[in-house]
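What follows is chain A paired twice: with chain B in the first complex and chain C in the second.
Entry: the complex of A and B
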C-alpha cells in the first residue's frame, strides 16, 4: 500500500453553514498516483479541490497532507507541495506578460534569474506558448490562459498536482500535449488529481476514480 | 439588531447622508465632527447599516488613514510643541488636532454612507433616476459601488494565487512584500478595466441605451414619514450651521 499524500477523514463543509456541500467525505490519494474526481455540475468537485488545498477549511473532519492537518498549514506551505489549477485560470494569472508570470515566483523565492528563465522557456515551448512570451496576459485566449496557468504551476516543480477542469478551452492537439505532460509527470513520481467531466481525457490514465454526487462519493473505482 | 427604520425610501437615506457628509466637510471643528460621528453610528444602526462589515471591508484603508493622520500631525508646525527631539518639533497640539479632525471626518463620511448602503442597489439606482439623474450615470454609480468589492476580491485572488505557488506573503520580508504589492498593482487594475469592458459589451448586447425612454418595474414613492425625516434632517443641519457660524457653538478646542 502506497503512503497517502492527501487524505480526508469524514469531511463536511457548507458555504453558508446551512446547506451542506460536502458530507462525510473519506478519500486517500497516494503519492505519485493518479486520481480522477468526476461528477455532475454543482456536485461539489471544485469544493473538494479547494478543501484539499486548504483554500477553504472543513467544518468538521480533517484533511491531511503528508500527515499534516490543512488547518495547521498556511497556503504557502501547501502551495510548495501541491500545484493547484483553478477552474478559471484567470484567477491565478497575475503578471503583465507570460515570461514574468513564470519567473516572478522563482525570483521571489531567490532562484537565479538565468535558471528561472531557462525553465520558463522550456515550459513555454512545451505548452506551445513560446511565441507569446512577451504578450500581455490579458490578451490571451481562454485556452492560452489555461496553458499558461499550468506552466506557472509546473515552474514550482510540485510533488502533487490538483487540476480543476484542466481541459476546458483546449483543442485536441493541446489536450494531447497536456496528456503527455501529465503522463511524464506521473512517470517521474508526481501525484495528480484531476477534477473533470471529460471521460475521454481520464481514460488515458490509470488510477483511482471517485464519482461525486451531491457532495458525497457515490462510487470509487480503480481503472 | 432588528431594522427599526429600514423601510424608508432610499432618497430619504441619501438626503441624510448628503447632509451629514456636507456638514462634516464644511465645518472643521472636532466637537461637531465627534457629534456627527455619533449621529452617523446611531442612524446607521437604526437604518440597519452594516457598520462592522464596512469596517472589516475597509480595514486596509484605515491603515492609510492613520498614516495620513500621523503625517498631518507631524508636518503641521503651528501651535505649541508637544514633543520635540533636540529642539526639532515633531508634534504640535494643532497638528494633533488637525490629524484627529481628519480621522473623524473620514469616519463620518464612511459610516454615514452605510445608511444609504442599507438599501438594495436597484433601489439606489432607481432613487437616483427619480432624482432626475440620467439613468446611465445612476447605473454607473451603482456599478462603480459594486466594482470596489470586486477590486478587493481580485486582490485577494491574486494574493491567494501567489501563496498557492508556494510563497507565504506574511512570512516574507517587508521589502519583498512591497515588491509583490507593487508588482501586482498594475495587472489588478488592468484586470478590473478588462472586466469593465466586458461588462459594457454585455450590456450593449442586451440593448442598454437602445431606447431613450426607460420604464421601470420598480417605482419608488415618497410617503409622509419620508418627508418628515427629510425635513427634520434639513432643520437639524441648518441648526448645526446656525449654532456654529452665528452663535459660535461649540467653541474650538484650541
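Entry: the complex of A and C
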C-alpha cells in the first residue's frame, strides 16, 4: 500500500456557512502519484485544491498532509512541501521582473544566490522564457504569465504539486513542454494533482481520476 | 460592400526600438463568419484583438501604423463608446472584466449604457444567462463564482450588447465541455444572423466551428487548413 501524501476524511466546507460547497469528501493521494480532478464549472474543484493546500480549512472532517492535520499547519509549512499553482497567474506573480519573481523564495530562505540564479536560468530555458528575462512581468502575455507561475512553483522543488487549470493560456507547444516536465517530475517521485477540464492533457498521464459534481466525488477512476 | 472588419497594413510595437509585435497585417473579415486565430503564446494574438476593438490605440499606447476599419470607419478616429456598440470583446482573464456586485448587474451594465428600456434589459439578461447556463446565479456576487463561471458571466455580459463583431480571446479555456458546446452552438446561431465572431484559440477541438483558421507568427497571419491546425504549429493532434 502506497503511503498517502494528502488524504481527506469526510471533509465538509461552505464559504458562507449556508451553502455547502464540499460534502463528505474522502480521498487519498499517494506520494509520487498523479491525480486529476475534473468536473463541471462550479462543482468545487478549486475549493478542493485550496483545502488540500491548507489555504482554507474544513468545517468538519480533516485533511492530512503526510499525516499532519492542515488545521495544525501554517502555510509556510505546507508551502515547503507543496507547490500550488493558482487558476489565475495574476494572483501569483508580484515581482517586477522574471528573475526576481523566481528567486524570491530561495532568497527568503537564505539560499545561495548563485545556485538560485542557475535554477532560475534553467527553468526560464525549460519554459521558453529566457528571452523575457529582463522584461517587466506586467508586460507578459497571459500564457507567458502562466509559464512564469509554473516556473515559480518549481523553483522550490516541492515534493507535491497542485496545479489548478495549468494549461489555461498555454499553446500546444508549451502544453507539450509542460507534459514532459510533469512526467519527468513524476518519474523523480514528485506527486501531482491537476485540476482541469482538459481531457486531452490528462490522457497523457497514468493515475487516479476523481470526477466531481456538486461538491462530491461521483466517480473514481484509475488509468 | 462595406465589411465589418478590414485591416490595412497594420503594424504595432509597444515600445520604440523593440520588434514589431504586429508586422504588416492585411485582412478582410466579412459578416457571418467565425474567424479563428491560433499561435504561440506571446506572439501578438491578444494585441491584434486590442487593435480590432480599439483598445489600441485608445487605451494602450504604442507605435501603430496602418488602419483598422470597423464597418468602413477608422477605429483610431472613432470614440471608444461608439466602437463598443459594434465590437464586443471577452477578455482572456475574466477577473479583468467583472466589476459589478451581482451577475445580473454585470450583464445589465452594457444594455443599461445603451439606454435600453427596463423590459429590454430584462429580456437580454434572461436570454444571455440562459445561454451560459447561469440563471441560478443571477443574484450572486461574481467574485463568489468559480473561474469557469466567471468566464461565462464575462461572455454573457458581452453577448448582452449584441455586438456585430464578437471577439473571444481564449474565452472557452476554463469552461467545462457542456458549457463549451452550448456557447459554440450560440456562436453558430450568431453567425447565421450575419454576425462576425473572432475566436483566439489554443484548443484545436474548438476549431470545428471556425470557417477560416489563421496562424499568427512573426507578427503576421497565415491561413491554415483547420483540420491540420495542430500540424501548423508543429505538433501532432495528441491522443
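Throughout what follows, the second predicted complex is superposed on the first by the 223 of 223 C-alpha atoms of A that agree within 3 Å, B and C clash if a C-alpha of one lies under 4 Å from a C-alpha of the other, contacts with A are read in each partner's own complex, and residues count from 1 in each chain.
One rule holds for everything that comes next: a contact is a pair of C-beta atoms (placed from the backbone, for glycine too) under 8 Å apart; a residue touches a chain by one contact, two chains touch by 3 or more.
What you see is a predicted model; the values in this text were computed from it and never measured.
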Partner chain(s) touched by A:55 [first = chain B, second = chain C, both, neither]: first
First, second, both or neither for A:108, with chain B first and chain C second: first
Touched partner set for A:78, first chain B, second chain C, both or neither: first
Chain A residues touched - chain C or chain B, whichever exceeds: C
Which superposed partner A:137 touches (first chain B, second chain C, both, neither): first
Chain B versus chain C as contact partner of A:94, first or second or both or neither: first
Contacts of A:159 with chain B and chain C, given as first, second, both or neither: neither
Common ground on chain A, meaning residues reached by chain C in one complex and by chain B in the other: 90
Of all residues in chain C, those that touch chain A in their complex: 14, 38-42, 46, 92-93, 95, 144-149, 152, 170, 173-179, 202-205, 230, 233-235, 238-239
Touching residues (chain side chain A, partner chain C) in the complex: 15-16, 39-43, 45-46, 87-88, 90, 132, 139-144, 146-147, 164-165, 167-176, 197-200, 203-204
Complex contact set, residues of chain A against chain B: 53, 55, 74-80, 83-84, 86, 90-96, 104-105, 108-109, 136-138, 152-153, 155-156, 158
Chain B - residues contacting chain A, complex: 157-158, 160-172, 176, 179-180, 183-184, 186-188, 190-191, 194
